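Below are two complexes that have chain A in common, paired first with chain B and then with chain C.
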Partner chain A sequence: MTLIGLSFLRFFRRTPWTTLTAALGVSLGVASTVAVHLISLAVAGALSTVGLPHLQGVTHLAEREQASMDDYFALRRQWRNGKLPDVVRMTPIVEGYVVADGRRLHVFGTDWYAAPLRGMNSGLTSSGLTGSNVDYQPGAVVVDESVGLHAGDVLTVGANRWSVAASVSANLDGGVFADIGDALQLLDAPADRLSYVGVQVHDPFADLAALLEDLLPGLSAALPEQSSTLADWHLRSVAAEQPSVQFSKSVLFNLGALGSLALLVAWFLIYQICVMWLRRQRIVMERLVALGVGRDVLARYFYAAVAALGCVATVVGLAAGYYLAHFLTELSTAGFDSVPRIEMSVAVVLKAAFSGIAVALVGAWIAFRSRTHFFEAAVPGRSAVHWWLPVAVVLFAVGILVPQSGLAGGFMAILAASLVAAGLVAPLLRGVRQWVVRLPGSLLAKLAMREVTWFESDLGVAVGALVLAVATSLGVGLMIESFKADFERMLDQRLAHETFIDLAGQDGLVVAEALTRRFPDADVQAYGRLRARIEGTAVELGFTRFDAAESARYGHEHALAENEALVSESLTTALDVGVGDTLRIAGRELTIVHEFSGFGDVQPRLLVDNATAETLYGQLPFDRLSVAGVPSDALLAWFGERPGSSPRVQQRDAMRVIALEIFDRTFAITNALTLLALLVAVIGLYNAITALRLNQLATSDLLDALGVNRSEKRRVDLLRGLTIGLFAVLLALPLGLVMGAVLCQVINPRAFGWSIELQLSVPAMLWPLGLGIAAAVLAGLAPTPRERLGSG
Partner chain B sequence: MSAAISLKGVSKGFLDGERYREVFVDFDLAVAPGEIVAVCGPSGSGKSTLLNLVAGLLVVDGGLLNLRHGGVDYPLHTLDEAARGAVRRRLVGYVFQFFNLIPTLNVLENVRFPLALNDRDDLLPQARERLATLGLADRLDAFPDQLSGGERQRVAIARALAHEPPIVLADEPTGNLDAGNSEQVADMLWSEVERLGCVLLVATHSEAIAERAHRVVELGR
Partner chain C sequence: MLGASVEDDKFAKAVGARSFEFPRDHGSHPDYRSEWWYLTVGLQTDRGREFGVQFTVFRQALFRSSQPDDPWQNGQVYLAHVALTDVAGDQHYEAERLARGHPQLAGVSIDPLSVYVEGWRLNLDHDQWSLEAVTDTFAVKLHLEAQKPVVYQGDAGLSAKGPGQASYYYSLPRLAARGDISIDGENYSVTGLGWLDREWSTSVLSPNQIGWDWFALMLANGEDVMAFRLRRLDGSRDPFDHGVVVQADGTSRHLAMSDFELQPLGYWRDERNVQWPIRWRLTIDNCEWIVSAAIDDQRMDTLLTYWEGLVHVTDATGQRVGQGYMELTGYR
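Right, the complex of A and B next:
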């Protein structure tokens, strides 16, 4: 019986081109997933080293209006009495701001005595989580490295001095972590002040979630967030406390989805090749069945042979993916600060093996099931509409219309639309046949055009894959182009100032005053920001002198009056509010007068005038300045003479250039991934056209006999490729537009909190469409290897 | 040289695996204009090879192979593939045993194909008339897969004669048909060839067909 397996393997060897291209396609698909996974792992490793020391082990934050310590003790009593069985641990937390030495400090207090603060080693370490606990010391604090103090230093706040026990990289500007009693003293707050309660909730699926996160980096950001309640407290996942981590995870999930595109296209390729193989092996298999070999035995050996091919492709893809990861990170740092370190891991190998072998096997399985009816009888024309069509339509609708389906729902919608489009290719090719027959043209042209619709069983799958690759390229391209247009518009508004200065911890008001003393004509404006909470959601509150000009930078026409606020789109989504609604913050009500886009914000943002911010929080920390009317070299010289830390001075034009460059680099990886998928699609199409030509050898010989010359035959090849390309592009256009719209209006808001206005930029559409046609023409013109068809 | 087809001292062989096998050695043949010659012989004797040499689809290994038409010589043994193709396109009509028709073109388009290649659309009325004579007047829009075996061979004849070539090659044109259809197709081929006065070189196993020829060339093994 192993002879049968051998015969399949031998068949692979006798069709070396097909085998090679099949392996190459799967390898590229595996390489794409592996590369994106490696990058994601590196980034995720970097993310996990950034942790908030006071939230060690905490999974959720419990909140309620005007909570006090008494409320906490009431909650704790319930827990002690066994009323809250899921809770493993709880700790009271206070949070607040204090300005010391012109530096704004963000103070957190927890029960340090009961649960140690976790100090993370600064910088990246190979294994990721290697923080060590810092034990409780009375009168000591742990500070974020941004504070600029180290272990043993002294932090002076007002009349009090605190010794620094450790400096950590918590990625929290001005963060100071202390025992709750010390924190209340630091904040000069009443002893019963409570901000919220940190809770560790037992999650039976935590291990599974961690495993899935290993396999699909960023998945946790893609799944819809559940909100729940604990007694009469509102419970929120702690992930929201680190919006930058969530943000990066969303980027990773997006990349991961795009990275699997090449694999999906490879799956089309392997399916199509399996069909081709089965068709060519048909006579042998019929004979074997006649000899009494079971169909299931044949299937088993066929799967084994294809799986062997998948194994080879996996190994090659793994190696290629490693290099691709390096190439891609050099191409773009896709929003991560440092170039991540690429390391192989067991998860990667498993994922690669799963991708390569499973993709090959599923392709083989479906091919075998759908194409071996010849054992029974010839298949009549199968019905064009399959059962999965309505299913896909429902999935699409759910993914788009139900926001609770999250980022994953958005991608599910895109996948559903893609499968519908790809599945419609063959029926459509059959459908347009009558119409194509009526097209005018020379007989050679008719021949070329008709072959495309006539032999849809050879071409359908490959054309579907091409449609998918071109549509993705188009959709992503449109999204990027639209994003860029919005982004540039935003830059033009926001970068209205000549010079922008990030003061790196100096007090903005002091610097502003000194600046105007030195340059009386200068127009100086100070900006500040605070972390605040609205209904428990962490938001950034920005404030400055909001005159009409400042408002205009956010697209609002009037100066902001007291208690008026501008809010970012992600805030309106997070809190389900809109223009005209009111927000309760720090016990006051603000009216939303305008919504702005907030590209690049990692967290919901609201902006108010200084007057409003002062009534809310009293003394305000300003950390940035904008300056107009002072030559930049004079400004730089002036800062150079001042003592203290050196601020970052940025010119408007330079900032614009940098911002756009970062933008382009961020999306370079995206383009590389879609190109890779397109490459796999071209390989598939080349294979399909080869199959078509091999099946049409008789016609080719006939053309020879009729005296059709080589250049005329080339013209037929060209026109056939062109027809395929045009057809693919015609289908890819609507699918690409749908993808673009879903990316702009569904994926982006769910992943990052901002929607993008889809702009139908013609150049952005022409490029992938042209590329698709060129790819098809190229695949059509490439010489055909003459593989023997026979079974022999 | 006044023969429409003349082969002198032609040799032709094929590499059969490692071994070189001679099919023709010092082979001579002259076919006069308007002559109908049957090429007979067992399978593998070289009938198809001979027709393919005359069509310029194959090249002689040695010797001379000349076609003559309208007072012009076409020495195929000296011409390259492109030139042979151009000669074939104009001077030769070919009927095979099967796979005669382009599956994506309908009957009329298949027949118009040589007219288009030779830029002779002026012959379209005659071609249509011939299709009618062959009993295909109401099948013009049909595609090959909708035709019977006999119909297909009749279309093939109409296609081979459409551009009114001086030489018609038929390789077992009725080999795939039952006796009745065979007879009918042969009748039609003969009457059309005689009407146009072209050379017909027909490879066949069938004695009935061989008997109709002016001359029989017997190939041995």
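Right, the complex of A and C next:
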């Protein structure tokens, strides 16, 4: 029986061009997946070093209205009495602000005594502070590196002194982490003060989720967050406390989904080629069946041969993916100080192997099952009803209309729409047959168009793949162009001042006063921000002098009155509020008067006038300035003469250029991946056209007999390619528009909290459509390889 | 938790005789760094099904608090262990709770006495001790009553562990116990005999002492025996080994190192390849007993790993003459 397997492999050898293109297509699909995964791993590695140390080991935060420490103890007793079996451990948390030396510190207190030894606060433990409880000293704190203190330094707050045990990278401006007893003293709060409770909830699928996250980086951000309760407490995931991590994971998931596109197109390609191979092998297989070889046996050897091809493609794809990852990383990070480090891992190798071999096998399996009815005495009646069509429509509707389906739901909708479009290719080709023959034109032109519509089984899948690739390119292109237009509009509003200064820890008010003394004509405005909570959700509260000009930077026409607020779109989404609603913050109510786009914000934002912020939090920290009326070199010279750290001075035009450059680089990877998918689609189309030509040799001979010359034959090839291209882009256009709309209105809001107004940019549409037609024409004009047509 | 620290200097040390006063001394001694309440009970049902219960609360001062009235700043941490040995089922269950000293979490209250760690409680009210501890898998509720007076260990309660190292240490041997236990929802009414140890100090073991073996045995003839062996790095006997024999009438005799002999006879090797000596020959004067673990695996797989379990006592003829508890620490 091994002869059968060998015969398949020999057949592959005798059709080297087809075999090579099949392997190349799968290799490119694997390379795309591998490259994105390697980049994701590098980024995820960088993310793992970012985290709030006091929340290490905490999975959820439990909150309730006006919770006190007595409420916490009651909850804890319920847990200890076995009433909350899913809870592994819990700690009370107090959070608040205190001003020290003019700097606002963000204080967090957790129960350090019991928790560290049992896995909680491991971030603090690893900082060396609480490796042993005996070593714990009262009055010790851990500070974020932004505080500027180091181990052994003293933090003075009022009359009290606190010894700094460690400095950590918590990515939290002014963060101070202390035992709850010390934190309450730092905040001068009563002993029964409680902000919320940190809880570790047992997750039976945690290992599975970690495995899936390894295989599909960013998946956790794509899945909808489940809101739940614990006793009569509201429970929310701790992930919301680290929006930058969630933000990055969403980017990774988006990239991962796009990286899989080439693999999906490669699957179309391998299916198409398998169908071709099976058709060519039909005579041999029929004879083997007549000799008593079972269909299952033939199938097994066919699968094994295709899997072997998949293995080869995997190895090539793995190597190509590694270099592609380097290329894409350099493309998107050129000029940046910090570049993610690309490293191969076992998980990547396994994923590549699974991707390459699975794609090859699934393609072979479907092809064998659907294209080997010649073994059977009578072809069973095949249902014309495609059951998956309504399923895809339902999945699309659910993904779009149910916000709880999350980012994954958005991509599910795109996938469903893509499958519907791809599945419609063959029926539509059949449907337009009668129209094609009625079209005016020469016989040769009709012949070219007729071939496309009458041999839909040869071309359907390849055209479907081309539709998918072109539509994705179109949809992503539209989203990027729309995003860029909105982003530029936002930049135009926000960059209203000439110069922006990040003060690198200096007191904004002090610097502003000195600046005004030195440059009396200067228009100086100080900006500050701090982290606050609204209904338990962490938000960034920004404040400055909000006159009409400042409000205009956010698209609002009036100066902000006291207790009025501007909010980012991500805040209105997170808290389900809108203009006219009120927000309760620090015991006061603020009215939302305007919603602004916050592209690039990783956290919901709330902007108020200085007067409002002062009533909420008292003394305010200002860390940035905008200046007008002073040349930048004079500013730089003035700052150079001042003692202390060097601030970052940026001109409006330079900031705009940099922002747009970063924007373009951000999407460089996206464009590269869609082009890669398009390349795989073209390879598939070329194979399909080749098969069509080989199957139409008799027609070719007839044309020769009729005296059709070489040039006229090339015209037929051109028209055939053009017809395929036009047909593909006609289907790709609506699909691309749907994809663009979903990306702008569903994916972006769910991933990043902002929506984009879809703008039908003609260049953004023409480029992929033109590319699709050009690719089809090119595939049509490419010479047919001299492969044997026989069964081998 | 038991390591030395610069904070030790801020705490009192066990030196010289002490005038014990009860129930005050059943309570906490925050002037000293470490303290524990150690209750072990051998139990059986009417039908003779045998169980063992161990309940321990360790108190450790992390620092000498300057704000003892602040509930979050009293500087104490409490570690509680509760374990149940089911001899017939060949099972040993254990659980632990670690909590900071806080009126709502863990601490010791006086009048009536209550040593509590998040719902687990050892109480004393009108000479009646009671224990209540509920875990995910088992629960223990016992009432205990002293049958003999307090026995002061060492020199009138000052128990020397090494040069300059000592603790205050007394025991309540032979507590008549009755109550209920449940395992996975199945309840058993039990009676038996318990032993309560109380000890506090600021001292730790000397660098050359790596652990100890401790035995509290209650014999059928009414006598009770405590034997304590410190293990040294070089394997030699420690001159601070000591013990006590309590007669049926409550009178007691202190045992010095030379008065008793402990010889390991058999071992249980755990999955970490640690050998635990679970069968011993105890010789006091001319009397010889064999002390054997009721079941092999009674290791406490907790923050502090040690072996603490129910033991059977047989005489030279192999006849069972008593039961008790054994503690083995410092084995690696």
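The rule we apply is simple: the second predicted complex is superposed on the first by the 756 of 792 C-alpha atoms of A that agree within 3 Å, B and C clash if a C-alpha of one lies under 4 Å from a C-alpha of the other, contacts with A are read in each partner's own complex, and residues count from 1 in each chain.
Please note the rule applied: a residue touches a chain if its C-beta (ideal position, glycine included) is under 8 Å from a C-beta of that chain, and two chains touch if they have at least 3 such contacts.
Fair warning: this is a prediction, and the values are worked out from it, not measured in the lab.
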Touching partner for A:P138 - first (chain B), second (chain C), both, neither: second
Which of chain B and chain C A:R76 touches, first, second, both or neither: second
Touched partner set for A:W454, first chain B, second chain C, both or neither: first
First, second, both or neither for A:W365, with chain B first and chain C second: neither
Which superposed partner A:D111 touches (first chain B, second chain C, both, neither): second
Touching partner for A:W767 - first (chain B), second (chain C), both, neither: neither
When both partners are placed on the shared chain, which of chain B and chain C touches more of chain A: C
First (chain B), second (chain C), both or neither touched by A:I180: second
Which superposed partner A:N709 touches (first chain B, second chain C, both, neither): first
Of all residues in chain B, those that touch chain A in their complex: 55, 57, 81-82, 85-90, 92, 94, 96, 99-106, 109, 112-114, 116-117
Residues of chain C that touch chain A when the two form their complex: 1, 3, 5, 7, 60, 62-63, 65, 70-73, 75, 77, 97-100, 104-105, 118-119, 134, 136, 303
Interface residues, chain A side, partner chain C - complex: 69-70, 73, 76-77, 80-82, 85, 111, 113-114, 117-118, 132-138, 179-181, 184-185, 191
List of chain A residues in touch with chain B within their complex: 437, 442-444, 446-447, 450-451, 454, 698-699, 701-710
